[in-house]
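This is the structure I want to talk about, given as structure tokens.
Letters A, B, C, D, E, F and G name the chains as they come in the text, with residue numbers starting at 1 for each one.
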Amino acid sequence: MSFRPLHDRVLVRRVEEEETTKGGIIIPDTAKEKPQEGEIVAVGGGAIKEDGGVRPLDLKPGERVLFGKWSGTEVTIDGEELLIMKESDILGVIEGSKAAKAA
Amino acid sequence: MSFRPLHDRVLVRRVEEEETTKGGIIIPDTAKEKPQEGEIVAVGGGAIKEDGGVRPLDLKPGERVLFGKWSGTEVTIDGEELLIMKESDILGVIEGSKAAKAA
Amino acid sequence: MSFRPLHDRVLVRRVEEEETTKGGIIIPDTAKEKPQEGEIVAVGGGAIKEDGGVRPLDLKPGERVLFGKWSGTEVTIDGEELLIMKESDILGVIEGSKAAKAA
Amino acid sequence: MSFRPLHDRVLVRRVEEEETTKGGIIIPDTAKEKPQEGEIVAVGGGAIKEDGGVRPLDLKPGERVLFGKWSGTEVTIDGEELLIMKESDILGVIEGSKAAKAA
Amino acid sequence: MSFRPLHDRVLVRRVEEEETTKGGIIIPDTAKEKPQEGEIVAVGGGAIKEDGGVRPLDLKPGERVLFGKWSGTEVTIDGEELLIMKESDILGVIEGSKAAKAA
Amino acid sequence: MSFRPLHDRVLVRRVEEEETTKGGIIIPDTAKEKPQEGEIVAVGGGAIKEDGGVRPLDLKPGERVLFGKWSGTEVTIDGEELLIMKESDILGVIEGSKAAKAA
Amino acid sequence: MSFRPLHDRVLVRRVEEEETTKGGIIIPDTAKEKPQEGEIVAVGGGAIKEDGGVRPLDLKPGERVLFGKWSGTEVTIDGEELLIMKESDILGVIEGSKAAKAA
């Protein structure tokens, strides 16, 4: 079973905080409003443009992203807790993070 | 008797929670604000574009969808409780869910 | 004497609740915020588009519609209480309702 | 002395309530928020379109109209109390009202 | 020294209330929220359109206008108290007012 | 060191109040909300249009302008207190003010 | 590991206050709401235009900028505290600041 986000929404898997402490992004427990790290699981078909056309999203499954702590809606798919949010809720992409973790 | 949603609205049948527990999407009773699962019953003729044209919706009758718990307006048609909401209230489509349920 | 709604407005006659209980749409008294059923009496000349042009409405006099309980402005024309609302306040059209009532 | 409303504004003369009780539109005193009847006295040169062009208004001097009780700005011109409001505050046009009053 | 309002702004000189009582527009002291009469002193170069072009204003210096009592920003130029407001704050133009005053 | 405002912003130097009392614009201390006079120090590259193009600003360095008392953000550049605000915060341009001051 | 801001966002490194006191921009501790100085670390791929196209940003990595004290979201990347904000939160660019600091 898979989930296809509608339009400009993306499905995100939160990255465990333990994992991030050695990769680079450190989010101390006290910083309650700092952005969180996650992995793109699925992306929608694209944002609807004013003229009714579609703009493909700039995110791909597998990318590591940062997003606001309060962004998105929680959903449980196949027993796993994920987040659905809009592409515009994504602050940016962490590049080279997989290599960093392999080191 | 049938109901034709206007423009970018869709008619949705809530899926019973019992049914979902074995398919994949689990929505515990305590999670009051988690999205709900439903089935598209009918879709409107399309969203009105800025130039007055029409953009056909990206949802089809029979598709399984997730939507916010507080989305839509309740209506009773032919004795059945359904929901009318906008396409933009639909978070995404659950694909392969029928097969999952048949397994 | 007749009334011509301006632009994207429609004139609606509320359908008596007794009538609806046997046709299909049931709106119990306790459900204060459920949509109501009505009949389109007259439609405006069309919605004004961004370029100043006109988009004809997607509703016709005689159609049965659902609308939010709090939508529209009440007006008395020729002694009859009617409602003026925008096309976008109409949730959808009940098709085949006349046949249903004839059965 | 005459008054030319700017752009998409119209100048409206309130119709006395006595007059309306026998023509068709009845607005009982208790219904404080029901729309009021009036007569278009003058119309602006047209609504400004997004491209800077002008869309002529769909109202003409002499037409009987309904408008929200709280719409418009009161102004006294040549000793007469009138209302200036936007075309979009006009709910619709009462047609055949003069004939109705002549009967 | 002169003042050039920017874009869609106009410079307005309030007309003394004494003067208006005999011309036609009467604004009693008790009507605190009725529009006020004024004279256009200068107009901006035009409203900026969506495409970046300019739409010339529909007001000319010397015209008598009505505007909301609370519209505009007070400014003192060459010792005279004037008002700067947007063209859209002007309700309309009083035509033939000079003749009326000459009578 | 110089400062380049971004897009449709301008950098403004407040004009001392002493200076203005003899030129023409008088802003008494008691009128706390009256606009203030200033001089354009630098202008941004232009406003971003809807199509992504750029509209050059209608202000030039050296021009005397009026702006709302509460407009803009204070910044200290090279020890001097200046203001950064949007072009749309500028009410208008005082022309001939240098000549007035030379007199 | 690097961070790629999405669309019209930029990644900014706050400049230490000690450093600024001798270059030109002085931000006293008491001025809590004055803009802050920073350095652009990375810029997004561009702002999404209405037609779905992309407008490249007007900022480049290495540029010194001013931004509102409360702009942006704090994030820690590779142990360093940075800020993610929108291009429109940037007030302007300080030019020649490196030379000023070398002096």
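In this section, a contact is a pair of C-beta atoms (placed from the backbone, for glycine too) under 8 Å apart; a residue touches a chain by one contact, two chains touch by 3 or more.
All values reported here derive from a predicted model rather than from experimental measurement.
In terms of the stated touch criterion, the partners common to chain B and chain G are A, listed by label. Comparing the residue numbers each copy contributes, chain D and chain E share less than half of them at their mutual interface. Chain B and chain F have Cα centroids separated by 54 Å. With centres set at the average Cα position, the gap from chain A to chain F is 43 Å. With touch defined as above, residues shared between interfaces to two or more other chains in chain G number as follows: 50-51.
Because contacts link each chain to exactly two others and close back on themselves, their graph is best described as a ring. Within the complex formed with chain G, the residues of chain A that make contact are 23-27, 31, 34-35, 47, 49-51, 53-55, 58-59, 66, 68, 87-88, 90-97, 99-100. Contact residues of chain B toward chain C in the complex are 1-7, 9, 11, 44-45, 48, 50-52, 73-79, 84.
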